[in-house]
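Presented below are the structures under discussion, each in the form of structure tokens.
Two complexes come next, and they have one chain in common, subunit A, joined by subunit B in the first and subunit C in the second.
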Partner chain A sequence: MAVASLAHDAHGDADQLYIETRELRLQGFLLFLVSDCVLFSSFIFAYLYLRNSGQGWPPPGIHRLDVAFAAWNSVVLFGSGATMHYALENYKHGHWMRYMWFLLATIVLGAGFLGGQAYEYTHLIYGEHVTWSGSGIFGASFFTLTGMHGLHVFFGVCYLSVLVLQSAAGVYTRGKYFGITAGTLYWHFVDVIWVVLFSIFYLI
Partner chain B sequence: MNIVLVERLGAIIAGIVVGVVAFYALYKDWQATGIENNVFKLMLFLLGIGAILALLAGLNVIGFAPPKGA
Partner chain C sequence: MAVAAVHAGGIADHIHPEPQGFVRRYVFSLDHKIIGIQYIITAFVFFMLSGLLAEAIRTQLLNANGGFIAPDTYNEVYSVHGSAMVWLVIIPLLTGGFGNLVFPLQIGARDVAFPWLNMLSFWIFPVAGLMLFSSFLMGAPTAGWMEYPPVSLQGAAGTSMWAAAIFLVGVSSTMTGINFVVTILKMRAPGMTFTRMPLFCWGQFATAPLLMIATTALAAALAALFIERQFGVPFYDPTKGGSPVMWQHMFWFYSHPAVYIMILPAFGIISEVLPTFARKPIFGYKLIAFSSMAIALAGFMVWAHHMFTSGLAPFLQLPFMILTFAIGVPTGIKIFSWTATLFGGKIHYTTAMLFAIGFVGLFTLGGITGIFLAAIPFDLHVHGTYFVVGHLHYVLVGGSMMAVFAGMYYWFPKMSGRLLNETLGKWHFWLFFIGFNGTFIPMHWLGVLGMPREVATYDPQFQFWNRFESVFSYLMAFAILIFFANVLWSIRNGKRSGPNPWGARTLEWQIPSPPHYYNFKHIPTVYGLPYDFSQPLPYKGLEEELTDSPPPVGVGAH
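For the complex of A and B:
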């Protein structure tokens, strides 16, 4: 049904209301991303300030985080950003099946990243005894920031799953697909935030 | 095979693939205009930077890995 809808709408059947409101929706969504960026920035700068005001980092008794697994888990998430980009590109060019495969690959990679984060949390909590409330600034900062990011990834996976269902039901056409564009923007945003978190927790 | 080595190899190979894909997509979209496409270009650039960082971390050039058995 969705394929038929794409073919039917090859020249775009976006109604007047959609055309008139699309730019506003886009601007509203970008403002939402900017506000989310401010939220993350406030926590990131608080972490950096506290890190540099203490005596040595990480605090005594806590090992530095292992970068090997984090690097692998990071490229899983960054890879999902690439697949999401190509999902949108394929949708724009009318390749519906390729769009669906790339979208499903994005969901799988996003879920894989969450699984990796759960594994790392388990290792830290039970192996290294680093906890949110019992390991001072380090534990509080790490679990708050990565947990908040993980929650964003989880919501992103849910959103993309809804996109799969909506696309299969033929909700989007070649002229009207703002939901897919918003999903791509959100997913790229989540990726970019992880670039910063990966750098400040594992690399510096 | 050592699990850390597997993770590093995965990070290196996937980092190269993702980096190339991100910068190629950026190259292809370079001429595109409008707010949306410019935001995409910025995010693809940062995605490529992230892939390079993961690649360098996988190569042990940056970051920290505990010694074996620590």
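For the complex of A and C:
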């Protein structure tokens, strides 16, 4: 939707140069997401490869992951996807205050997800003694992949915080708001990656 | 003119402000032409360094029991030689170097889509190169350019440095790939449809997605290797449940497409040089263009043919063999088209043309031995022998490097406004050609006889041919010294070339040499393919390019 609405610009203040530059940036940004997706896919391949080469999963001596907690944490992250969507939509329709509130809500939910992940890590490391380097391929693949995703969420939260400051400072106008579009795309991308990670680590 | 009116005020007419001062102009330049030249110079510096390593290898192999360098040092030398030649020389030369320099001009753009990103890509590259070579200080990697675990897990500290350096080169490549895809998709001049694009642009267009996608897969493998070495997190160590074969999968999932990263732009260069000097339209334009895309796509599906001896399930081996054979078809189409382009042409034997013709012959040989290696029974016999070394050098030196030299002689006038010296150029070509074949042909039969690669000593029965190879490798090195001397001499004293010394028809030759920072005074409109030598040029709007009319006034600024 965001992509389609960029193609023709109804709002007045975007000039020809900006519109074309924005199309370039949008395409470049989508390609960046593609290559980031390949990065995750490679690690996911590694995880599935190792998982299927060993002695069953989870490996002996390790409990299954706590699905219920992670499911609630996922709901928090997906909720932040929804609020981000409404933030962008409200911005496009000119509801500035609603945009800001939804953006702040996204940041809070994103940070909440990170907090949940930190709690889960603490529980695993100190409660069950499952660590990154000391628990074989289970610890290696779980902490590397979810940690990489967590880093992405962290960068996303930082970026959205910058968006708040920029929006407050009036950087974006009715017709020029590529930064917000990029943030939304990135945030949805991170959500989709989590759908995959949640499925392959907790559900199967 | 209606087309031009649509673009008025848009990105097509967007011009950087003229760069002021030495640093903005030549060091931290945003201009794609300068960045291209920076890539070429840096890559040739690394070429010299890793060429020295190659000569160290050949000197060691003069005698069956070695003696020139210690065996451990020998391992370091060939590992860094291979890594540097692939990641610091051929890939940057063909993509960042010639890609940046030529293709924005050929599609009639003022610059690439993201000049800042382009500058960043370039500056990561020399840093990564220095990191790779500095790994010698802490014990360089010793497991070859492929760095198979578990050996690479046990390697000296420099192996982690190697992983970090290659990761950084990969980041740089990925950014270049994104930049090139967007530029070609979005910034072509009016009328420059895909089927009117010069074939060099097609080469870059097929390569850029590989840079973007395959390189990221390698980044994951390297990150895992780095993490495992530094933090003991098990991915590859079989004693902790990891799998060394997994590295091979991930590595070759990148490195087989990387073979095409190193050859598709070279195909592009050859497809420009051959029609220009045969004075004939390229034969089978669309076939050459689309076969590049076919090769790029199929390149993702054949990686495991490098792993026939790694314990792959037999039912998996067969499809990989057949798909690899299938890649021979689009490649054969190209070779057929080039030969047909030469047929009946009025051939000008310039140095660039000699290198291009040399490329067609040598690459064909390398391609054929590639088909040999794709056949499982044959591969089982020669895997890990000098046959593979011979094959890959025919493809990468006889193929990619010959194309680089063809491109250097062809586009040097566009970079500098001066021609490279043709007499020195012919010496360079013939000595290089003879030296190259003398060095690498015997490797094929040595390999079939069972001489293993990556070993510091060898069975005395192979002594004669190894000495033969080493002597010819010195000849090849001498030829390259002639090339460097030629460049250094010609840049000051070469004959002035004028805008179009070769009578070529692509857009970059219709503007002054070297081009202005804004490339075109007016963005031209394109009406046809650039290869019809009997027709008038298919461009409009270029009338003022070679006159003294004032530079265009830019809209907007960065």
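In the analysis below, the second predicted complex is superposed on the first by the 193 of 204 C-alpha atoms of A that agree within 3 Å, B and C clash if a C-alpha of one lies under 4 Å from a C-alpha of the other, contacts with A are read in each partner's own complex, and residues count from 1 in each chain.
Assume a contact is a pair of C-beta atoms (placed from the backbone, for glycine too) under 8 Å apart; a residue touches a chain by one contact, two chains touch by 3 or more.
Quick caveat: nothing in here was measured; it's all calculated off a predicted structure.
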{"item": "Which of subunit B and subunit C A:27 touches, first, second, both or neither", "value": "both"}
{"item": "Partner chain(s) touched by A:202 [first = subunit B, second = subunit C, both, neither]", "value": "first"}
{"item": "First, second, both or neither for A:74, with subunit B first and subunit C second", "value": "first"}
{"item": "Partner chain(s) touched by A:36 [first = subunit B, second = subunit C, both, neither]", "value": "second"}
{"item": "Which superposed partner A:66 touches (first subunit B, second subunit C, both, neither)", "value": "first"}
{"item": "Subunit B versus subunit C as contact partner of A:192, first or second or both or neither", "value": "first"}
{"item": "First (subunit B), second (subunit C), both or neither touched by A:144", "value": "second"}
{"item": "Touching partner for A:122 - first (subunit B), second (subunit C), both, neither", "value": "neither"}
{"item": "Overlap of subunit C and subunit B interfaces on subunit A (superposed complexes)", "value": "27"}
{"item": "Contact footprint of subunit A on subunit C as seen in their complex", "value": "8-12, 14, 113-114, 117, 174, 177-179, 181-182, 185-187, 212-213, 215-217, 219-221, 224, 227-228, 231-235, 240-243, 246, 249-250, 253, 555-556"}
{"item": "Partner subunit B, residues of subunit A touching it in the complex", "value": "26-27, 30, 63-72, 74-76, 78-79, 81-82, 85-86, 89, 181, 184-185, 188-189, 191-192, 194-195, 198-199, 202-203"}
{"item": "Of subunit B, residues touching subunit A in the complex", "value": "4, 7-8, 10-11, 14-15, 17-18, 21-22, 25, 35-36, 39-40, 43-44, 46-47, 49-51, 53-55, 57-58, 62-66, 70"}
{"item": "Touching residues on subunit A, where the partner in the complex is subunit C", "value": "15-17, 19-21, 23-25, 27-28, 31-32, 34-36, 38-39, 41-43, 45-46, 49-50, 53-54, 59, 132-133, 136-137, 139-141, 143-144"}
